[in-house]
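Each of the two complexes below includes subunit A, the first together with subunit B, the second together with subunit C.
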Partner chain A sequence: MMKTRKADGSLQGRMDRRTFLKASGATALAAMTPGLMAGGAEAAAYTGTLDMLAWDFQPDTIKKLVAEWTAQGNPAVNVAVIPNLGYSSALQTRLRGGDKIDLYYNFAYNSQKFIDQGWASKLNGLPGVNDMLGEMFESARGRHVNAAGDVISVPYFSAVHMLHYNKDMLAKGNIAAVPSTLKEIYDASKALKEGGIVASPYVAYWVKEFCEEYLHTYLLNEGITAFDESGKPVFADDPKTVGVFEWWQAMYQEGLAPKSVLNDDPGKLSSEMAQGNAAFFVLHHYFLTSIRSLKGPQSDNVFQSAIGGKNFTLQIGEVLQMGAAADADRKAATWDLMKYYGWKDKAGKFTVFNQWAKAAGLAAPYPGFFTDPDVIAAFPTYYDLPLISKTFETGSKVVPARTLPWYPDFQAKVGDIIHPLLLGQATPQKTVQDLTDAAAAASGGTKRL
Partner chain B sequence: MSIASEPALRPARRTASGSRDRGRARSPGATIAIYGGLLVFAIWILLPVWYLVVSSLITPTQLGVKPFPLIPTSITFDNYLSVLTGSTRNQVFGSTDAGSRLLPAIGQSFFIGAVLVVLDLILAGAAAYGLSRYPFRGARSFELAIIVTRVVPAIAIIGPFFVAFRIIGVLNTPFALIISYNVFTLPLAIMILKNYFDQLPREIEEAAKIDGASRLQTLWIIVVPIARPGLVAAGVLIFLEAWSEFFYALVLTNQLTVPPLLAGFQSVQQFNWNALAAATVMSILPPVVLVLLFQRHVIGALTAGIGK
Partner chain C sequence: MTSPALSNELSRADQWFGFRLTVPAAVILIVLLALPTGLTILYSLHDVPANGASLGPFVGFENFSIVLSSPVFWRSATVTLLFSIGFVTLSTAIGLAMAILLNQKFIGRGLARALLIIPWATPWLVIGILWKWFADGSVGGLNAVLIALGITSDYHDFLADPNTALPVTILAAVWRQASFAGILLLAGLQTLPDELGEAAALDGAGVWQRFLHITLPWLRPALATVAVLNVIYAFLQFDVIFAMTQGGPGDATQVLSLLIYRQLFAVTQIGLGSALAVILGLVALVGGLITVKLLYRGHVQ
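Here is the complex of A and B:
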């Protein structure tokens, strides 16, 4: 095993042997071709226009950021924006139809599939890629580097699942410590409900499409990583798994979460917290911005805390991928744009991530991001940045299997299995069995007997 | 029974039926049940629309209040202002330049719908008239085949469309949508117009022929004017289908029209129902006005032939 360098030159994190050999080879190759290491120089070598596809989140900001990159002597970028809803199918249709997109947003769960389909390029050996990975939280690397050691993407944004809680309600319920484990959350929710402080204390984004994230969040909270490094579903082998599903079912069946929570969107859930209709809300850390900016009667009483106790929470993030450009200059220019957009600018500043932090409290999976004075200034003061940084560093996992090419098929089935559990139509034991079967079917395996 | 004789019979049937209805006194219970049912149905239809309008006129904080303020105590036009100007005043907002994109998108949707109406009425009018007046062996199967084309899922044919449009260079232009929308608008128009042409008496056309009019002259001078209600109805429905189409617009263009732009108000990172409601209200005004103007024709054409 080889340690990788941090920005300050110290050693941090681990890289497997294969990645190291690839990186070493690429570095040697780059040394032999100085033009590739020249940073902006390679971008300047390409005189055409780059094509970028993004989903609709503040497209004016995307265009402004990209224009700033172009203004530094880089190629012009044609930014196309389509809605997040249907993005995946539209992107796949376009790429399958021969559309040449140099750089695009993608869902992390699609990233390996796109590499396998030839729609995205591996980033191995590109100048600076190992520095980027070296600066990244070790916990985040599994999202961008596959099991074979190939670099498949760079970060667009990242987040960790956190507990948003109403401090005032906890005080009224005589709950001294913010709950952290599943059991503590259950006990606190029950106390708040029985004490008449709030009818349905717990909310979460339990719509079918999102149950998969909660599956991992809750399993990780109990110290269970659902899939091993090869993508084999191992959650069924852990005796604590059934207990997680018993907890999940009890939260819904006992009315600790509202009946409507199976259909509610995060906008409504944020509003429930802001209005004081709920005391706990588990979702990505940046939803604190939504809750606070709603300026409801309880908005200012909502704070954020880590979940999972001594275990973990789920770290999520979406990615940028490079299209399958054949032209070396064009590819070099695209990579330069990717570094700027998914890492740092030439001055070493998190210019792009800083904008997303200002816009919505989004984070970048780099320790340096959380200590950058500009970033600290960009986050509202109600954010506990050291806590979020620590959660990224040691309190969260990405579950690398989530980027495997078969994974979207499994993901699509999770909601159909979890909802019957919540509605009391399936037992926790059956749920474990069904999820195992779904994972096996998606990955091409056989049913578990 | 000949087709030409049918319209003459239908009023008589209605009269006879109407006389029977008038002759029977409706009990108060039945009247209450009918009006009660109508009221429930009206609420069922209008409540979501009212919810949408109210959501566009209140703040995000008011939106979260329980119970939902069906009649808000205070209203604001800030959501409309935000959508139109992009001035978010630090409120949660996914698309800060939505305003600058919404009005052009409404314009593009209008242009696409209008071109499609003209194009389809010409093509479908000719096709429907031919099917109505020149039946041939297998005509019924042919009509069924036209209907079947409407049930082909968009996802199955969007790929070839994308490749073709990429090659001819019309991606992200209104023409990509005008061409592709014909997949579902043209069969609809043919079905409506064929049904309508079947109801028109042939005697007038035969008289025109005796007077020396050619087939095309007959179609243009005689048939089109008397078929105007049917043409208007088909045109309105074509326009509405084009206005609300999402998937082709998503894949073939970059938020060129209204539906994909509205979808952009919900992002992975943020949700803003108030702004979405305001944008939705603004974007449904053109089709609502259109339907209100032509509703009589739409209902008439859609119910043509029901009494057969």
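Here is the complex of A and C:
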């Protein structure tokens, strides 16, 4: 298996796409053959049953997709589905209790931790893994390959934070250009509020558990690096950081975002956009499907735009991880299923991703996904696919520190720190300090509540 | 009267039978209660790795020291105490009121008694989800009710306001627990002989005096049971709050059970989470014992 290695011998974690394609060389061609694609010969050696755990997004579709894989002469798969809410806790409890799961959905922020705890297997050297990474957006690779070069996961789905805006309201407010930077969003929101067009123009999913994604989205919007390559928190070193928190606090305190956003779920926020109770909604790109399919009076006026101006937005993605099974044949069969589910099928088509695109507008972090005619047909016409593809390619970052083993500890605390800021109980300066302390404590392994 | 010899003989004869009867329950209690309790105490004294592969190094009371010196713990303990006071007081008082009402004779009493069971038959998590929608600031019915009653004039986002989020979660939990208290207390009331009240009425006792000197003392054992259970439910409450606020906004509704959940299952600091669980278990135990003491203090048969 060909690998690009650093001087110390480890696999290069963030090599560019060109290098990957070069390094893959002959195997890239071989990858197009059925032997290396899903449903290949390696699955045939295992005759038992595989166990897969997923969260409850369209469970029937999951089972259908997996059944299609089995029908191609592959092993049967027991698919267990549990709720998304509390999934991480439930999964960890099962694994700690000795449950052997061959393949499971996971949140990207858990992925390195699971490797370190022996709950997940590295995927280094598996047939076609480098080809898969070579086909991936370079921007996405840091989520699946750690700094040491180990391949720790494959994509389940991916998305970018985008601005959903009401075109009609912007026209009524005489706002010529769609806002992009934080300041532009603030100004436009203020204009819409003061103009009496909408009382609380901006909505976002600011519940405690989700504040961490917005932390990165807003920092990236301003071109701020949150963590350096070693995972050290460096956002406090950037003078622009305090300004981000001032903006965040002002949006809430000045009523540009409704008071309820600290507790509203995305379903309600989509509804607010569809009903015309909000003009802006920042969240994953696929929420445009929710807004449009609600068919509210303003649904058809909602469009999507990139955020961050010349800077970046956050690219997120949940992942598939391989359990820690020791049996080689079983692992080979699991890997085969992973390739099918997180990359392409036997015929080189994005069958699984295409299904998720049809179901909810979810994306895959592969450029080829966005040019596949079946995928283009799967997305409703109101999506600007080239824009989303471009955002994946050059307008977004994954923040590799989010997969570090200590990160879930920090992630759990961000909401506790951001909510007091929004409620006016903490200053932006104190918020920066508290976040720095939380990150330092988590990365340093300090035990604290 | 049975002679002591015969009593002992019967006792001996029944001993083995009695032992066999209790074995299944004892095994279940040991497996589901004693073992987890023992393990939690053990974990609280160790730095347990996240994968649970071993106990990890023994750290003595370090986990307890970290917990007790943390302002997050004390803030959460305060929220838990406030929640518990509101929950126990309201669910017991409303349950008692409902029991007294449903003990009266009126048309539709059977239906009303059946309806009392509905909240209790609804899972805590579902209660939380229902109340989250009910208290919603833009589509919830709670605002409509308050406006209709003239209590407020505008819609309010109760769950996003740190001053109102906790009271609303208390109300949601009380809505279910009061029906449980009502059912137990109604059962207690139905054992109260009518003659006692009638005799007191003939002696000139008013409604309030009869309630205070006959009904309440008669209900004391049932009240003690209800109060102790309410205290335990209060300290261990998780589902309703998790569904409604996830502990927010800020830490306004972050009760200790939520903190334990996060520490054990999200952050997977098993030792620290176990120390928190031990502390909460002790607090619930002490709370229950104090409640029993208070309710039986000065009790004259």
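Note that the second predicted complex is superposed on the first by the 406 of 449 C-alpha atoms of A that agree within 3 Å, B and C clash if a C-alpha of one lies under 4 Å from a C-alpha of the other, contacts with A are read in each partner's own complex, and residues count from 1 in each chain.
Assume contacts are C-beta pairs under 8 Å (C-beta built on N, C-alpha and C of every residue); 3 or more make two chains touch, one makes a residue touch a chain.
Source: prediction; values computed, not measured.
> Could you check whether subunit B and subunit C clash or fit when both are placed on subunit A?
Clash: subunit B and subunit C overlap once superposed on subunit A.
> Tell me which partner A:Leu294 touches in the superposition: subunit B (first), subunit C (second), both or neither.
First partner only, subunit B.
> Could you tell me if A:Phe57 is touching subunit B, subunit C, both of them or neither one (first, second, both, neither)?
A:Phe57 contacts subunit B only, not subunit C.
> Tell me which partner A:Lys208 touches in the superposition: subunit B (first), subunit C (second), both or neither.
Second partner only.
> Please indicate which partner A:Asp345 is in contact with in the superposed arrangement: first for subunit B, second for subunit C, both, or neither.
Neither partner.
> Examine A:Pro266 and indicate which partner it touches, taking first as subunit B and second as subunit C; both and neither are also allowed.
first
> Looking at A:Asn277, would you say it contacts subunit B, subunit C, both, or neither? Reply first, second, both or neither.
both
> Check whether A:Ser89 is in contact with subunit B, with subunit C, with both or with neither, and answer first, second, both or neither.
After superposition on chain A, A:Ser89 lies in contact with both partners, subunit B and subunit C.
> Based on the superposition described at the top, state which of 59-67, 77-85, 149-157 or 203-211 belonging to subunit C clashes with subunit B.
That would be 203-211, the only stretch with clashing C-alpha atoms.
> Where on subunit A do the contacts from subunit B and from subunit C line up?
Residues 86, 89-90, 93, 96-97, 268, 272, 277 of subunit A touch both subunit B and subunit C.
> If we count contacts the way the header does, which residues on subunit A are in touch with subunit C in the complex?
86, 88-90, 92-93, 95-97, 113, 117-119, 207-209, 258-263, 268, 272, 277, 408-409, 412, 415-416, 419-420, 422-423, 425, 447-449
> Can you tell me which positions in subunit A touch subunit B when the two form their complex?
Residue positions touching the partner: 55-61, 80-86, 89-90, 93-94, 96-99, 157, 265-268, 270-272, 274-275, 277, 286, 289-290, 293-296, 318, 360, 362.
> Which residues of subunit C touch subunit A in the complex?
Per the touch definition, subunit C meets subunit A at residues 47, 49-53, 63, 66-67, 70, 72-73, 132, 136-139, 157, 159-162, 165, 244-251, 254, 259, 261-263, 265-269, 271-272, 276.
> Provide the residue numbers of subunit B that touch subunit A in the complex, in ascending order.
Interface residues on subunit B, with respect to subunit A: 60-61, 63-66, 86, 90-97, 155, 158-159, 162-163, 166, 171-172, 246-247, 250-251, 254-255, 260-261, 263-273.
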